[in-house]
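Structures given as structure tokens follow.
Look at the two complexes coming up: subunit A is in both, with subunit B in one and subunit C in the other.
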Partner chain A sequence: MIEIAIDLIIAMGVVGLALQTILGASVFRAILMFIVFGLLMAMAWARLHAPDLALAEAAIGAGITGALLLVTWRRLQAMDGRTPRVGIAARAPWLSIASGIFAAALIVALGWVSLSLPAEPAAAGELAWQRLPEVGVSNPVTGVLLAFRAYDTLMEMGVLLAAWLGARAVASELRPGALPGPAHAEVPLVGALLSLVVPISLLVAVYLLQAGGSAPGGAFQGGAVLAAGGVLLCLSGRLEAAERSSITERIGLVLGLAVFSCIGLVMLFMGEPMLAMPGVWAIYLVETALLLSIALTLVLLFAAAPGLRRAP
Partner chain B sequence: MVHEALIGLVFLPLLGACLAVLPGRFGTRLAIVVGLASLPFLLLPVTLSVLREGAWFYTLGGWSAPLGIRLYVDPLALLMLWMVALIGGLAAAHAWHDFRPGTAAGERFWPLWLLLTAAMNGLFLSADLFNLYVCLELVTLAAIPLIAMAGSATAVRAAMRYLLLALLASLAYLLGVALLYNSSGTLDLYLLPDALATAPAPVTAFALALIGTGLLLKGAVFPLHVWLPQAHASAPGPVSAVLSALVVKTAIYLLYRVGLWSLPAGLLADGAMLLFAVLGAGALIYGGVLALLQDRLKLVIAYSTVAQLGYLLLALPLASLAAWQALTYQMLSHGLAKAAMFLAAANILHAIGSDRLSDLERLDQRTPLSLFALAVAGVSIMGLPPSGGFLAKWLLLEAAWRGGQWGLLSVLILGSLLAAAYVFRVLAAALRREDPSEAEDAEGISAIGRRQATYAMLLALLALVTGFAAAPILELMATGIPPTWGAA
Partner chain C sequence: MMAWLLPLVALVLLLNLTLGMLRVYQGPTAADRMLAALLFGSTTVAVLLVFGEWMAVPALRDVALLFVMLAAIISVAFVGLPEADEEETP
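Up next is the complex of A and B:
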């Protein structure tokens, strides 16, 4: 009974927050609603027994995406001193109505065809459970991401690298203004807070990575948490944008992709299939490299800068 | 050895991209050699193996499908891979001079170019619907910043519009894939026909509609082409060339793969095929008319892409061997000719500082080689003999004639007439003489300009050569006819 009530509240909340996001009176309000929407979605995933997705949604969907949207909003304000106050829906009403009708039709059709979906689990999913012991990890999500479908994960690292390269290319054409510094540069508590929160973000990131073998977690969630620590350092003015990326940063950006590909290629030339993992240690090695690359990419995207340096 | 070569097609450009991110001119040069110049040499053994033994699979990580991901190389994939290697290679040679390794622009350009190459090769080889989604995303996300690198506000706006529509298309595709997986239990393209035979029909139909819409939007098929003309026209020259010759074709390629390989025979109703043909006919006529109305050279060429993509859908209802050969040959000849045209247009823009048709007078004296490349490529676009375009369109006409499709036949002829009109309009503008007393000396063209004109000319010559060296390619394509058509 109580479970149904919780589900109902989550379901109504998700729809309500989505509406608030679209109809928000200002961009700022829409962003805040979007962040809360992400958190509630994470709860929805948890209720659907997908804890890995819940973690990823909370860390990346709500956390990092929210931070990126907010910092963009602040940059826009710094650039032309004002942001559009009108709701997003009010500026192009016909387009909004048309896309609303289209989306509604899509949802109805989706619901209708979902009724005829077979109830039994899909064949590939069953196989993943059966052959998981051969991988050596007990978390099936890690098994899929780093063994069965490692090639997907590798290509996704390429997508992340492309996102950063793309942001850098566009930034160098558009030259957005520098991130406005914190309003109250040195509140005494900021330092104390950072000295607590940043090490904890590192600890949680490493924990998530290590736990990923047997429980929900892994490189993507850990990377997002570590990136949150970096974002805090940027926000509080401890790190500032640099003109060029240092060699360490460049190595860090491609580390995940390079380590993953090289292990795969070494196995290929040793007569194994491409991307076969030589053992659990290799999975953890690849995940560590992925975590570092993901965290660094996300922080650099947040700072919209080629590199970072310590503030004087 | 052939397995290593196949893997290298994806992983050498990928590692090249990593190398190009690292600082220094030397790294980037090495990356270009490793990631781009190696491709034809990797393709040779793979091609030979397909010629000898036919199409084959490679299982990644030793996890057999449906659990793992397979790569699949067949004649169609080979054709696309060769196009990436040759067209991409010549466009890269052209880009070398504008985005020199070691300069700030080069530092931003080459990692993205290499990622784009890796993603396209990965896409043409992948046999897995979700992996194809990841490759499609990587193609899009690597291509779009390259457009923005032209530096104009128009280019950035066009890139942004392309990004938003492409993401919408990706989401539609992904939703369709999720539904297909849930109803069939597999993501493998070549296991799907059997798995789908017992899947509930409404789910399959809805999923295919979503996948189809997504791919038509990414492939800029009329009427979903709105993002293409500005994006392709405002990008830097070599980027326009690969966008029109290769990137939009990735979506069309995927449309073929899903529609003609991964469905049980007879599942796709004739109605769907007819819809494709109608869209193709619409593209051919609308694109042709709009190309005729543009007053900038690059926009003419971009609208010509909208039109020429129509041919790739037009022949789908014919489902015959001749139609298959025509489609694949159009893929190849349009790719070569369009890349040549965009590179030539970039040279002209570079030399005279404008690509307005009204500014193009006396081009035969100012940029003779680039104009010649433009004209030769135009011959292939119009479908005049002895070009590759002629052969593709001739095969299409023949297939339509044999199938008794008179409506199709008349659309084909109308499309070619429109193409002739817009190509001749450009040539007329370029050969015009405003003032007969004007000095008639060739303006100083730099050594770099001459070299860049040569790359355009090489592509145009390749488009011409495919007109009379076609037999081996057509034979190879005949062995790679889709299973759903082979029976017909």
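Up next is the complex of A and C:
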């Protein structure tokens, strides 16, 4: 009885907040509704016994998207109603129509194919669960992500890199202004907060990575937490945008993809299936590289900058 | 005895959240809405801890700790907002 009431409140709350986020007239209120929506989603994942997803929701929702949307609102206000410089979309409307039709056709085709496939009764899941002990990690989510579905995970890193490259391409067209100057740079409390939260975010990121082997956690959650520390440094003006990305940043952006592919290819040349993991050490090595790349990409996306440097 | 107590606590906390939604919805100022949203963060931590104990999913404590650690980021992002024009931006 009480359980049903709890689940009902969460379910109705999620739908109601989603509607408020989309339909709300005030941008600021919609942003706050979205932040609260993230909190409720974490509770929903918790009720669904999916603590991995609740962790990801907490790290990304509370650490990055909330701050990102508030800062975007700030930039919109700084623009004071001026419309941004219109880019390619207005110059070639046929291009957006054509790509829209192409995207719709792709979705229809994919949906058609997946509907016409014969339904296999969870054969892969059962098999993966039975053979999980051979992987060497006891958390099934990490096992599936890095051993059974490694190709998907590799592609996800590719998507993240593509997202950053896409953001860079659009930024050269739209030229978003620098982050509005922090009004609280000189407040001593901010320094105290930074010296507390930033080291802890590093600690928690490493903890989540290590815990990912046997408990909920992993590279994606850890990377988002580390990125949250970077977001805080950007917000308080300790890090600022640089005109170009440094070599270290470029290496960091592709590190996850590179290490993952290298191990995968080496295994291919040794006669194993591509992306097979030679051992638990390789899983942790790949996860560490993924964590660093994810964190750096998210911070650079947040700052909308090609690179970052310490503020003078 | 504990079997019904923990879900009841979670339910009361959730009802608390629903009432707090009124403050986010009505405002009247941006700061009111922001404070209500931050209060939601604290309540979410409490709900997750109760869920973790009730459903025997200890990993939910990690989620709760993560929310505690990251709660400050949104307030730092908010405090830097310009004070004027806080209402009904189109």
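The criterion applied here is as follows: the second predicted complex is superposed on the first by the 267 of 312 C-alpha atoms of A that agree within 3 Å, B and C clash if a C-alpha of one lies under 4 Å from a C-alpha of the other, contacts with A are read in each partner's own complex, and residues count from 1 in each chain.
Definition applied: a residue touches a chain if its C-beta (ideal position, glycine included) is under 8 Å from a C-beta of that chain, and two chains touch if they have at least 3 such contacts.
This structure is a prediction, so every number in the text was calculated from the model and none was measured.
Once the two complexes are overlaid on the shared chain, A:253 sits against subunit B while remaining clear of subunit C. By the document's definition of touching, of the two partners only subunit C reaches A:27; subunit B does not. In the superposed model, A:109 makes contact with subunit B only, not with subunit C.
Residue contacts after overlaying the shared chain place A:276 against subunit B, while subunit C stays out of touching range.
Judged by the touch definition given at the top, the superposed model places A:161 against subunit B, while subunit C stays out of reach.
Contact residues on subunit A toward subunit B in their complex (touch as defined above): 109-110, 112-114, 116-118, 122-125, 127-128, 131, 147-152, 155-156, 158-159, 161-163, 165-170, 172-174, 247, 250-251, 253-254, 257-258, 261-262, 264-265, 268-269, 272-277.
Interface residues of subunit B facing subunit A in the complex, by the touch rule stated above, are 3-4, 7, 11, 14-15, 17-18, 21-23, 58-63, 66-69, 104, 108-109, 111-112, 115, 118-119, 122, 130-131, 134-135, 137-138, 141-142, 144-146, 148-149, 151, 155-156, 159, 175, 179, 181-187, 195, 199-200, 202-203, 206-207. Touching subunit C in their complex are the following residues of subunit A: 2-3, 5-6, 9-10, 13, 20, 25-29, 32-33, 35-36, 39-40, 42-43, 46-47, 49, 51-52, 54-55, 58-59, 62-63, 66-67, 70-71, 73-74, 76-78, 180, 182-184, 190, 193, 197, 200-201, 204, 208, 211, 215-217, 225, 228, 231-232, 235-236.
Interface residues of subunit C, counted against subunit A in their complex, comprise 4, 7-8, 10-11, 14-15, 17-18, 21, 24-25, 27, 30, 33-34, 36-37, 40-41, 44, 47-48, 51-52, 55, 57, 59-60, 62-63, 65-67, 69-74, 76-82, 85-90.
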